[in-house]
Amino acid sequence: MEVNAARALADATTCFVGIGLPSTAANLARATVNPGLVLIYESGTIGSKPTRLPLSIGDGELAETADAVVPVPEMFNYWLQGGRIDVGFLGAAQVDRYANINTTVVDRGPDKPEGRLPGAGGAPEIASNCGKVLMVLRHSTRNFVQRLDFVTTLGHGGGPDDRKKLGMPGAGPTAVITDLGILRPDPATAELVLTEVHPDVTVERVRAATGWELTVADTVGTTEPPTPQELAALRALKAAGKPGKSGKPGKETR
Amino acid sequence: MADIRSLQDAVADLVHDGDTVAMEGFTHLIPYAAAHEVIRQGITDLTLVRMTPDVIYDQLIGAGLVRKLVFSWGGNPGVGSLHRFRDAVENGWPRPLELDEHSHAGMANRYVAGASKLPFAVLRGYRGSDIPTRTDTVSTVVCPFTGEELAAVAALNPDVTVIHAQQADRAGNVQMWGLTGVQKEAALAADRVLVTVEEIVEELTPRPGGIVLPTWVIDAVSVVPGGAHPSYATGYSTRDNDFYQAWDPIARDREAFLTWIEENVRDSEGALTR
Amino acid sequence: MADIRSLQDAVADLVHDGDTVAMEGFTHLIPYAAAHEVIRQGITDLTLVRMTPDVIYDQLIGAGLVRKLVFSWGGNPGVGSLHRFRDAVENGWPRPLELDEHSHAGMANRYVAGASKLPFAVLRGYRGSDIPTRTDTVSTVVCPFTGEELAAVAALNPDVTVIHAQQADRAGNVQMWGLTGVQKEAALAADRVLVTVEEIVEELTPRPGGIVLPTWVIDAVSVVPGGAHPSYATGYSTRDNDFYQAWDPIARDREAFLTWIEENVRDSEGALTR
Amino acid sequence: MEVNAARALADATTCFVGIGLPSTAANLARATVNPGLVLIYESGTIGSKPTRLPLSIGDGELAETADAVVPVPEMFNYWLQGGRIDVGFLGAAQVDRYANINTTVVDRGPDKPEGRLPGAGGAPEIASNCGKVLMVLRHSTRNFVQRLDFVTTLGHGGGPDDRKKLGMPGAGPTAVITDLGILRPDPATAELVLTEVHPDVTVERVRAATGWELTVADTVGTTEPPTPQELAALRALKAAGKPGKSGKPGKETR
């Protein structure tokens, strides 16, 4: 996932980064396809150039290597809402076929209380205001659901015009990168379509891991395996930090 | 004007049962020592406000002092869930926890409105989200110039804001630097302000990225070196990531949590903040 | 990303007839040299925006390039009236000047809304004032939580914002320090941004009170040492109070003004900014 | 005027200062009755301690000696509107009997265009949000008028309840200090009443310089002449700066 997520940042000027997999991908992009990529962390750092993978979005090195550190309200108002960020990264506990996101509560059955998730964090406004959004999460029927228990963050709503009707400036989720492949919204319907699988993954396996009847592109591509350079850069980043600790991708900075 | 006084006295004077309390700090400069003093004094029925209720609020919630939580993202950054928070919400243990839940952008703007003494703030947010169905502090306003409908969020004006900073001078002026998050807004929005600091210095030297809060907006300054641990204070300490990892198994288990609080907070003034 | 280029080329590319232009700087860091280049190039029919139209706008107005002024206080600070501004408003010389007039609080919030890409901002202002009777950019909104009626001001989003700063690096990142006024907001509210700087440095050293604008929010950086004169740049120059005094008799007289512009601006590239 | 304006600051913690006479008075207060007075200039400086009288509100020394320098929007939103300022100073081109202020335009007769004044500056919100407001201006029928040509800034509106009805947090103008004496609003009517004259000034002279039928207190006091200490402090301040240049009191930072 990291390598494909990093590749998806090749054209971006600025990226709003959450800790975990997004941070790994963004730093890998800086080490490979996009050395000039400007990393922006919601803790207030603009242009961070960490030498190791930060464990939290408040890591001291993020501030020390930044071009600027701004207060959190300014980050959300002038920079995110101000339309300055090309790409945002989001994870999800649940995603539906329109790339809508739930990170708030899950229904655990009639006799049980709702299961509590971390909540929204920056996600609703990241999804609304970034030029586009990349989603990264593991592929399972638990995550890819028929119906969200709660809409924390709007992806494409229920169709291709919903974002426009709501006046959302950005393009919304343009790719959902998983450990099995890549899904992209169909321009005509906004429904997620499987467009690529990773090497050795079958379409059937992706279907089985998806909680709705998955639409599959006429020709499904296969992602390029990581190049030796990409793997070396990834190894170097992880060796410098303690990647084992940052653990759960995308869970920290919704 | 700020009085420079012991943490014990400052907390006793400024934080009361039933108060709305904001302890802010975006990963950096989180005022753990002050929270532990609140636990020791058993100040209860609190409404806690914080963008990212971190381990600091997990501890206060688990200690049974919290009636309501106003927040936007509740987790142990880089580790996982806040188990005491989840136990309170899901099972009402040790007491039910009412929630007022927002997005980060909404919370940040609620503090801005509070600091500006406005009743609300405007943002382009919450669109298409179910969040407004569960709170009465998100509404809408229509732009009188363009007709666009925008989100309105109610101002946050805590009774008390507690923050940690690097330095104060003898007059009680405070300087913090590094990631300064939403602390200025949280402090200026509050009726009362308590600041714990790493040290008192003869003169505050202006720092790059430094924010100064003048003494006349602060009620009390308490000197608590290491008072942000396991969070950190740029220039004084680094984040104790091992503590955040170690917290997970402690917080998963009610008994383990209670024992930890007893041994490390209640019986042990400042034990954690050395 | 900002291109580092000559002031002449940058102004020609970024400032066009009919544009809405903000040249900001609260007494400090006023971009006089860029304004003089606008005069030399005869870029006209401008709508000028500025909280405190100072001698810099007196010159542009007197030169006949300005159709409309958006402002909150028009004077020569410490000296008196802006005579070219008054002559334009009172007598239509050299052309009539339309006004959109606000309070400082209103103007500051209009820039904040612009930088936040919101259509309006809210403040507790203009109460009991006749100002709203003369502008269509002040209105009211009602707080959806308290019912309080508050002032709404329309966002300002200039076509171009021009500011002066102390330093840029070779990549075009800019740092300014000292009184930084409303420049960040004015820059982030604009479609295009031109920054004149005292010098290019190898690396921007973070300064106390420093504000950094990253290169990717700037279109052009031009190196113009002394480009703020008779205003000043902290660390490089001091305010030329004598010039502000001397301006008064020049600006009182149409002929004296035209002669001054001819000799000091039109015929004399950068003469004033040495 | 300077000395009486300085004395009026004896109890204040914080003062929002305009250049000219307000700045002279505020700095004189720091040198005499209130050494701890926090000077706040609308250019963004909090706690300035200038050693000489600044010529403009953007003087470098104001920033260099300040406890904090903040952006202008923050100054107006968090500090002024935030209710952090005890005393504001205002001048005026025209003032009426309710201490309402005009600094925008003056009517010069039927055949002439309106005369243009500097405009509002910070005044409307200073008058609304400061704990109280001191006004300082020269006493003449040109300044003290029966009817304002334009209400730039509300003082007391038309009576004692008008500020409350408009939801204005501060007490509004509590004293108008002139070169002839001091006027204060009557608590019952909010109309300005002459309460003190300076030594050797007669009530008749003040009446003649006022454009409306001036109400005079039952007993009109006489202001204390400047003490030798006050005069020495004032001389020292002026000697350090170039007071002749700052000239026109209260005209610069409406």
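Order of writing sets the labels: A, B, C and D. Residues in every chain begin at 1.
FYI, a residue touches a chain if its C-beta (ideal position, glycine included) is under 8 Å from a C-beta of that chain, and two chains touch if they have at least 3 such contacts.
The chain lineup, named per UniProt: A, D = 3-oxoadipate--succinyl-CoA transferase subunit B.
It should be emphasised that the depicted structure is a prediction, and the values quoted were computed from it without experimental measurement.
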Ask   = Minimal path length between chain A and chain C through chains that touch?
value = 1
Task = Could you compare the number of C-beta pairs in contact for A-B with that for B-D and name the larger?
result = A-B
Ask   = Distance from the CA centroid of chain A to that of chain B, rounded to the nearest Å?
value = 28
Message = Using Cα averages as centroids, what's the distance between chain A and chain D in whole Å?
response = 56
Query = Between chain B and chain D, what is the gap in Å from one C-alpha centre to the other?
reply = 40
Request  = Please set out, as single numbers or ranges, the residues of chain C touching at least two other chains.
outcome  = 112, 116-118, 123-124, 148, 184-185, 209
Query = Mind pulling the chain A residues that touch 2 or more other chains?
reply = 77, 81, 169
Ask   = So how do the chains connect up here, line, ring, star, complete, or something else (other)?
value = other
Request  = Check the chains against each other and report every pair that touches.
outcome  = A-B, A-C, B-C, B-D, C-D
Inquiry  = Could you list, by residue number, the parts of chain C that touch chain D in their complex?
reply    = 26-28, 51-52, 71-75, 77-81, 85-86, 89-91, 101-105, 108-109, 111-112, 123-131, 148, 178-182, 184-185, 209, 231-232, 234, 238-239, 241, 244-245
Remark   = The residues of chain D that touch chain C in their complex are 19-20, 42-45, 55-60, 62-63, 69, 71-73, 75-77, 80-81, 100, 104, 113-116, 118-125, 128-129, 150-154, 157, 162, 166-169, 242, 245-248, 251-254
Key: Contact footprint of chain A on chain C as seen in their complex   = 112, 115-118, 173, 184-185, 188, 204, 211-214, 216-217
Message = Can you tell me which positions in chain D touch chain B when the two form their complex?
response = 13-14, 38, 46-47, 67-68, 77-78, 81-84, 169
Inquiry  = Which stretch or stretches of chain B touch chain C in the complex?
reply    = 116-124, 137, 139-146, 148, 150, 152, 154, 206-210
